[in-house]
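Shared chain: chain A. Partners: chain B in the first complex, chain C in the second.
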Partner chain A sequence: MPEIRVVDLKKYFGKVKAVDGISFQVKDGEFVALLGPSGCGKTTTLLMLAGIYKPTSGEIWFDDQLMNNVPPRYRGVGMVFQNYALYPHMTVYENIAFPLKAKGMNHDEIDSMVKEITKKLLIDHLLDRKPTQISGGQQQRVALARALVKEPKVLLFDEPLSNLDAKLRMMMRAEIKKLQEDLGITSVYVTHDQAEAMTMASRIAIFNKGKIIQYGTPDEVYNSPNSIFVATFMGNPPMNLIYGMKFKREEGEGVLKLKNISVKLSDYQSKKVEEYGKTENLVLGFRPEDVSITKKEEGNGIWGEVYVLEPLGRDLIVNVKIEGVENLIKVFSDPTKEIREGDRIFLRLKPEALHVFDGETEVTIF
Partner chain B sequence: MKLSFYQRNADRIRIFFFILVMFIITLPIILGYLWLVLRSFSVDMNGFVPTELTLKNWRFLWTSMKGYPNIWRTTMNTAFVALMVMAIEALLTSMGGYALSRYDFPGRSNLMKFILVLHAFPSVSLMVALYYVLKYLHLLDNLWGIILLKASLEIPWGTWVMKGFYDGIPWEMEWAGLVDGYTRLQVWRKIILPLVKPGIAVTAVFAFLSGWSEFIFINTFIFSQEFWTLSKYVKATIGDFRFADYGLLAAVGLFYAIPTIVLFFLVSKYMIKLTIGGVKG
Partner chain C sequence: MKKTAWIFLSPMLVMVTIFFFIPVILTIVLSFTDMDYQFQWNFVGFSNFKDIATDFIIPKVTTNTLIYTFTTLGLFNVGSALLISLLTTSIPDKWGGFFRTLWMLPRLTPSVVYGLLWLWIFDPTEHGLLNFMRMSMGLPPQNWLYRAPMFIVVVANGFIGASMGMLIFTAAIKAIPIDYYRAALLDGASWWMITRKITLPLIKWQVLFVTAYQTLSLLTSFEYILIITDGGPVFRTEVWSLYTYHMAFSNYRFGYGAALSVVLVIMGIIFAIAYLRLFKFEALMQKPKVEVD
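What follows is the complex of A and B.
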């Protein structure tokens, strides 16, 4: 299986810069997710890997072979599309056999390969049906079978699960991951769902406006986001942010202040801010799970008022209104805890889980 | 609960009036066809009442008539023109429509506007110029001349229709074919073309009908009786140098219309698709 190397890749559609100079590598057998909001260039990147779009500039390498001018049929890629793109005038069998026929294989070989893959994906009872006669989940499996049957060296997924209902999506998520691990095919997976990227990929490239903002393991992008964009894109609910904070030294200790709010920073964190050299317009960030709710002031934190509760069964999301902060702060809590709307509560912050960003450039300070 | 007669039957009464209005509007056409059918089987007519039934008006089918070419020969000519126009148009529009739908080439949008203008252009005004063109090409008094003229005048509209059908096919379908190991041409032939079959059917039927009903070019550019088509035959029954034979006119006219009616019933289901999903720019 090849290693994919993308170097300073660009794709312009007229004046629109769909992909604007990205570089990344996918290791042999690795599963990488391209994650970002719609229109960020992730699908365009995938289509360039498949050979459907030609790059405006930059290079795409599969191992030591430059692929820029190689048409899709010689790239050895399998692809699963969001709308599955099954051929409606062919049966399931014919759909799956279609890529094998292109290779000029004989009838018996094709037959045994189609039977094998459909058995593996549990669709061997549907072979005579037309795509319109099977369910969405089954169509998804057929699309997967069609991509896998030709034993591709690279697998490309374009939001393959977004047309499925939530329950099926969770199921297929695990199944595709397992399948990829078993087959060890180098895979690139485009999605706008951060949970999909987190759960399936070994590394995630987070896209915005045609550029890669951060490329790292799920742990890295979740716990050490390099910008506000990444911090708020990962996690559900996303990281809480408090804008417009000022940094001060009070009796030697570093503090972030906004009106009545005052959050202490550790020595290390304070030094980081000072090294960065900016004391105004800072953004404090903390994840909903890095907060504990208490009734009286304990340690480092912020006072607020419970605005509304969102029970999730296992968890409880507490929406908190803080004086002087426009947006609501979301906090995970234990559902057994007695919290009512209107209660005044203290949000105790985990000191090591704080993030501070530059409010102008939106980059991470720590 | 007490409901009036109207309230109890509101839906039915509405539908009854609807049908009644439609019936009145279409009555002239229905009467026209009715007259045509009755006249073709009668010696003379007293308004809408045949005076005496006869098959004599249909004699052109089994006897050769003085001053007219053989009817079967003429029918074959008509079918030949119609089928050839259909074949040429189906072939060229299915390719042209694909190009207009899928390729972004310089001048594409201007070309599409131009096509619409072309379709609205009255072909009668081209007559003199076309005469010289056909003469130069030695295609005067030749059915191929008519076929090429007719096809080229129909192709712009057909291309437009086909473009609409191609537009309805998602790009992903084509991309999947490319990734599956085929060339663009193979993808077009194996995946895309089967999916626009309804479009091809509609375009082909319209092409056939336009070839079948062609009169002006035949009347102008065909001189020999052996190349007549049915429209010219019908025209001849009204006659320049003979008394109009209304019985014969009715019978020939009806004979001429039969394939059109049959074809309509065969493809009406595709025709409906044309307005729903076909032509959407």
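What follows is the complex of A and C.
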């Protein structure tokens, strides 16, 4: 299976810069997710890998072969589309056989390959149905079978699960991941769902406005985001942010301040801020799970008032209003804990889980 | 609400009754009379229909009608329309739109002007466009309207008739989800395979509609033939509808003309039913059986 290397890839549609100079690498057999909001260029990138779109500039390499001018059919690429793109007038069998027919394979070969893949994907009882006569989940499997039957070296997924209901999506997520691991096909998976990217991919490229903002393992992009964009895009609910903080040294200790709020930083963190050289307009970030709620002041933290509760069964999301902070702070808590709306509570912050960003450039300081 | 709807619909109902249903009934009744310029309702039973069966012009008119209808249909109204739609949707839309606009121009021209244009192109004297071109190459002028009248009639009608099919087919092709084509391209399907296996099956319903509609329209329309050849020379382009017109309004045999038009309507109905069979209309309309798991 090839390694994919993309170098300074650009795609402009007239004046619209859909993809604006991205570079990344997908290792042999790796599963990479392209994640971002709609219109960020991730699907355009996928279509360039497939050969449907021609890049405006830049290079696409499969191993040591430059693919820019290679037509789609010679790229050895299988693709699963958002709406499955199953031909409505053909049966499931004919749909899956289509790529093999296009290759000019003989009838017996086609038959045995279709039977094999449909057996594997548990759709061999649907072969004579039309796509309109099977369920969404089954259509998804047929689309997968059609992409896999021609034994591609690269698999491309364009938001393949977004048309399924939540329950089925969770199920297919695991199945696709397992299938990809078993087959070891180099895969690129486009999604706008951060949970899908986190759970399935070994690395995630986070897109915004035609550029890759960060490329790393799920752990890296979640725990060490390089910008406010990544920090707030990953995680549900996203990272809490407090804007407009000032950095000061009080009795030798580094502190972030905003009105009554004062959050202590560690020596290492204080040095980082000083090295960065900015003391105003800083943004403090912390994830909802990196906070513990107490009734009295304990250690490093912020006082607030419970605004509204969102029980999730296993967890409880506590929305906290903090004086002087515009946005609500969301905190995960234990549902057995006695918290009521209007309670005054202390949010104790895990010192090592704090993030600070530059409020202007939105890049991470630490 | 129901009452209001009926009030709004009723004027049209009256119009349709006066201008469609009554004339249809009158025509059928008329076809059993030998009414002429004296406008007498003399009922003569089936004698008009017997006359049609023995009219020595009828075999020629029938052949002409079939040749005219199906050549125009095959070469232009469905054939060219399909080809133009397939080709113009395969190139960038800017150019596709340009070529489609060109094919719309005849439709935008008033029919008499359009007919006269063809008369000028095929004019037998040196002033005709084709003859002018021939003579500038040193060839003698030709009497085109005598040499190939049916061809001229078919071409003149076809250039106008292709536009409707073109519009419908193009719209249908553009409505096909683009991912079908992307998937096929990735699979290495050729343009021909994509056209045959994906595009054509998915616009089958529109092809059926245009074929049926244009057959009926070609069977009954004769204005361009009237302007260009008037059925001549010597009945060589006399089609059924034009013959009906000539019988009724040149020879004032209203009863016979009515009988001819009744037969034409029956022919149209037979063709329509044949198309529905041919395209397996019922299968096209079948409801999906979705199974939810």
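Convention: the second predicted complex is superposed on the first by the 366 of 366 C-alpha atoms of A that agree within 3 Å, B and C clash if a C-alpha of one lies under 4 Å from a C-alpha of the other, contacts with A are read in each partner's own complex, and residues count from 1 in each chain.
Heads up, the rule we're going with is that contacts are C-beta pairs under 8 Å (C-beta built on N, C-alpha and C of every residue); 3 or more make two chains touch, one makes a residue touch a chain.
Owing to the predicted nature of the structure, the values given are computational and were not obtained by experimental measurement.
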| item | value |
| --- | --- |
| Fit or clash - chain C, chain B, common chain A | clash |
| Contacts of A:Val16 with chain B and chain C, given as first, second, both or neither | neither |
| Which superposed partner A:Ile52 touches (first chain B, second chain C, both, neither) | both |
| First, second, both or neither for A:Ala174, with chain B first and chain C second | neither |
| Per-residue contact with chain A, leading partner among chain C and chain B | C |
| Contacts of A:Arg73 with chain B and chain C, given as first, second, both or neither | both |
| First, second, both or neither for A:Thr132, with chain B first and chain C second | second |
| First (chain B), second (chain C), both or neither touched by A:Ala102 | both |
| On chain A, the residue positions that both chain B and chain C contact, one per complex | 47, 50-52, 72-73, 77-79, 81-83, 85, 87-89, 98-99, 102-103, 146, 150 |
| List of chain B residues in touch with chain A within their complex | 170, 172-173, 175-183, 186, 191, 194-195 |
| Sites on chain A touched by chain B in the complex | 47, 50-52, 71-73, 77-79, 81-83, 85-89, 98-99, 102-103, 146, 150, 156 |
| In the complex, chain C residues that touch chain A | 177, 179-180, 182-190, 193, 197-198, 201-202, 204, 288-293 |
| Complex contacts: residues of chain A adjacent to chain C | 47, 50-52, 72-75, 77-79, 81-83, 85, 87-90, 98-99, 101-103, 130, 132-135, 137-138, 146, 150 |
